[in-house]
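Naming follows writing order (A, B, C and D), and every chain is counted from residue 1.
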Amino acid sequence: MTTGYTSDEIMTVAAARCLTSQTACFVGIGLPSTAANLAVRTHAPGLWMIYESGTLGTRPDTLPLSIGDGVLAETADTVVSVPEVFNYWLQPGRIDVGFLGAAQIDRYANINTTVIGDYTDPKVRLPGAGGAPEIAASCREVVVIVRQSRRAFVERVDFVTSVGHGAGPGDRERLGLRGAGPTRVITDLGVLEPDPATRELTLVQVHPGVSAEDARAATGWDLAVAPDLATTPEPTPEELKVLRSLTGADGV
Amino acid sequence: MTTGYTSDEIMTVAAARCLTSQTACFVGIGLPSTAANLAVRTHAPGLWMIYESGTLGTRPDTLPLSIGDGVLAETADTVVSVPEVFNYWLQPGRIDVGFLGAAQIDRYANINTTVIGDYTDPKVRLPGAGGAPEIAASCREVVVIVRQSRRAFVERVDFVTSVGHGAGPGDRERLGLRGAGPTRVITDLGVLEPDPATRELTLVQVHPGVSAEDARAATGWDLAVAPDLATTPEPTPEELKVLRSLTGADGV
Amino acid sequence: MIVPLDEGVRELVHDGDTVALEGFTHLIPVAAGHEIIRQGRRDLTLVRMTPDVVYDQVIGAGCAARLVFSWGGNPGVGSLHRFRDAIQNGWPRPLEIEEHSHAGMANRYVAGASGVPFAVLRGYAGTDLVDQTPTIKTVECPFTGERLAAVPALNPDVTVIHAQRADRAGNVQLWGITGIQKEAVLAARRSLVTVEEVVDRLEPVPGQVLLPSRVVTAVSVVPGGARPSYAHGYYARDNAAYQAWDAVSRDRDAFARWLADEIGAPAPLPGKAG
Amino acid sequence: MIVPLDEGVRELVHDGDTVALEGFTHLIPVAAGHEIIRQGRRDLTLVRMTPDVVYDQVIGAGCAARLVFSWGGNPGVGSLHRFRDAIQNGWPRPLEIEEHSHAGMANRYVAGASGVPFAVLRGYAGTDLVDQTPTIKTVECPFTGERLAAVPALNPDVTVIHAQRADRAGNVQLWGITGIQKEAVLAARRSLVTVEEVVDRLEPVPGQVLLPSRVVTAVSVVPGGARPSYAHGYYARDNAAYQAWDAVSRDRDAFARWLADEIGAPAPLPGKAG
């Protein structure tokens, strides 16, 4: 086993570490799913994973490619209908952590997965909202995983698919959104958190070998940096081993 | 086997004859349940019975005492939740016939199963609405089974639990009720139907040996009698045999 | 998680609480209702679509100040006489009622389980319930302009149900007629589930409802805890017991004897107002 | 009741219809979608929570004028390029869209299945969807005064789903991830169900949804009719096929060849407006 790792790997490991055992987590497909499945196999064996296909308390033994792979149903505590997962589980605030991706994210952690450019004359049409707007609204908190670049980290998203902290303090409350919104944004460079006062995303942690300037250069606004900037602990050999067995990067 | 029969027996037989095969019938407990189970065993083998406990397409091999006996679940096409039976099956108008009982019924076939006397200072407190208001509103038509007497057949019910024809023509439409409402009232004396023009319940049929005057004497309003008053055909030996095996009156 | 029934009731059901003991003929949490009487709870708001014999008993024992319901009767037998005595004569204490239809109550639980403050249905139009029940209003469809009935969410302080099985982690499994139990548990702040048995692994059963342990506050093992109602796959409904209740419930003294003999509870003190 | 697929599509899916082919990753009615292309339907309003590869194909073939949806992508792979080409370039014809979230779409089907004109949810607040989608409004709770989102019922002319089994009477049974299929069928005026097999008796299966024959207009026996998606208990998802679609769909000519080779359909005529 190598002790080196890719930037995607440390991003996934950092995201997995956000999850604790006993937490109920609404898992999106792709990077969020990989991170959640890593967490459940390492430090958070009691993590309760929900996928929007209606699989509650699932523990897939392989990483699903889609949100509704058969393995999710086979290993779930129970499978419920799609209305039920949204109305009975997500909407009342029963889910602790919502795990989302993003095509664009802005200074206030608002998320765009709908369209680049103008809605009616798009430059790039993206898949759209899916479950994200209500995940962002109703989970007790939201963790976003997204690779950091000036294309993705923009001053203002082209389209607000899912509300983060709106235009700043008090906006979520004004909109009646009951969860705390994005509390952490995990990237391939580090970790951003909303400033408690301004709600503006602030760099609080960098991955080993990454500087604050690297992160600022990959951000489309004047990124604030926490005075006590932390460094992500290196992935452990165990974390890397489990992650690579999940992604198939171990060649097995 | 005797060729005699009781007034309850001919009432039940007359009610059963209202049901045709392929009909979906929302069945209340008691006399409606007996009549529906008689129908399915005689001329209407394809009758699709729903009980409000959520048993769809049930075919109990014995008469249930309650709306939710185990035999209803065991013999159903499927068992759904109570919200589903009301929201997905009754409310959209999927049920052809609703089968109701009554403590009081009035000239316009409005039904009271809530209270005799004043609501806040009742003479007799009855069980209440149950599923009846929405059965009366949403089934394509409603059949009422009730023993005829001046106590039950009143000029004006003490409490409108379930709307029949309101105060006359146009009332159901005005209230937005989508089913046709009570189309037949089956009693131990005969059969009443709403007059097509006035919506007032009119005696259209008497059971053998019953006169129009008998029925008028058992009615708390000036009961109209159809000019072409029919007589209920005698129960067949087969009908009586099946009915008695259901009710246990055959002593088996 | 798994506690004796007396402890479960003591911890989760408090004087003045809004309490739903749900069950639609099947799986009625009768033993839990008797424990509530035994512990002498007072001023409860009882909620149930179909208050039947066990609610007749809890009401007759004077535990309840209010009843929210849609059909109160002895299924297949007739009326509830303790319920009647409370409403008609205020004995042993007055019982305030909030009365709905089944469709309305079912949708109130659905709204409660869904975390929204109200539900919309086609119901009640033209009935006298509208005049007697302040929790029936109307709402206009913002697309078609149609007026529909609106009812507020039900969110009991505690919901009590009976189920066939739980596992050691407190996941609960029930099947057969499952009624409104899922919604009643999801709508409640706390929940207590009595079960026929605890097993190592909940083998899936056709028609099952599974309630994950995170929505179950406590489980108590009470075999036969639904009698005289039934538990599909375990025991049948005791129809004779329902019929026998009619005579007991018609008479205050016979009821007091039943309380003493069957529950070990004192006779209710009459006249104690809300 | 049980008809060949081509007859089922011919009888039940008409030009200009609002058509929902539902399936949440699992049990996607792909073969029925291909038959719709083969028969050259036009001006369809397509409805689906998760339009994926089969909708990319139907849209690319020029059958659709509108799409009502909440997430349009190739699950686990990326974007839908025929869908993109239609929206970004109007090729082969412009595609009007009506865009919601999953929670909104699910509740629209629930309202449709329930015979009410709208549904209420906590959703959309603060998103730009509110400005782009006229079918998102608000409604005030008549009890608490809270403002919630309202969405109109979805009632497709026809819903098409795939299921594991039907019996000879046309009762349909599906299990595994059952998604929104029950509501989509109940909300529709007509329904067509393709199944893996017809059996004499539907043995109950844990987690099953049973659709009684009276809500099923027609059943067609199409083994493998959900490929490359999967049918729980019958065959697995063909992930490679989803990945391979990416290259085909990126290129109009490759897509035209796919249409000719796999469907036997002519290349789409570009520029034909709604």
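Rule of thumb we're sticking to: a residue touches a chain if its C-beta (ideal position, glycine included) is under 8 Å from a C-beta of that chain, and two chains touch if they have at least 3 such contacts.
As the structure is a computational prediction, the values presented were derived from the model and not from experiment.
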- Give the chain pair, either A-D or B-D, that is connected by more C-beta contacts. A-D
- Message: Let me spell it out: compute each chain's centre from its C-alpha atoms, then which one is farthest from chain A's centre?
- Response: B
- Chain centre separation (chain A, chain B; CA means) in Å: 58
- Note on the structure: In whole angstrom, the CA-centroid distance of chain C from chain D equals 40
- Note on the structure: Taking each chain's mean CA coordinate, chain A and chain D are separated, in whole Å, by 28
- Multi-chain contacts in chain A, i.e. residues touching at least two other chains, fall at 78, 87, 91, 138
- Residue list for chain C, restricted to those that touch at least two other chains: 115-116, 121-122, 146, 182-183, 207
- Message: Based on which chains touch which, is the overall arrangement a line, ring, star, complete graph, or other?
- Response: other
- Query: Looking at the whole structure, which two-chain pairs count as touching?
  - Reply: A-C, A-D, B-C, B-D, C-D
- State the interface residues of chain D toward chain A in the complex, per the touch definition above. 24-26, 49-50, 69-73, 75-76, 79-80, 83-84, 87-88, 99-103, 106-107, 109-110, 121-129, 132, 146-147, 176-180, 182-183, 207, 209, 230, 232, 236-237, 239, 242
- Task: Within their complex, state which residues of chain B touch chain D.
- Result: 24, 48, 56-57, 77-78, 87-88, 91-94, 138
- Flag every residue of chain D that touches chain B in the complex, lowest number first. 113-116, 171, 182-183, 186, 210, 212, 214-215
- Query: Which chain B residues qualify as touching chain C in the complex?
  - Reply: 29-30, 52-55, 64-70, 72-73, 78-79, 81-83, 86-87, 90-91, 114, 119, 122-134, 137-138, 159-163, 166, 171-172, 175-178
- Using the touch definition up top, name the residues of chain C that touch chain D in the complex. 115-122, 135, 137-144, 146, 148, 150, 152, 204-208
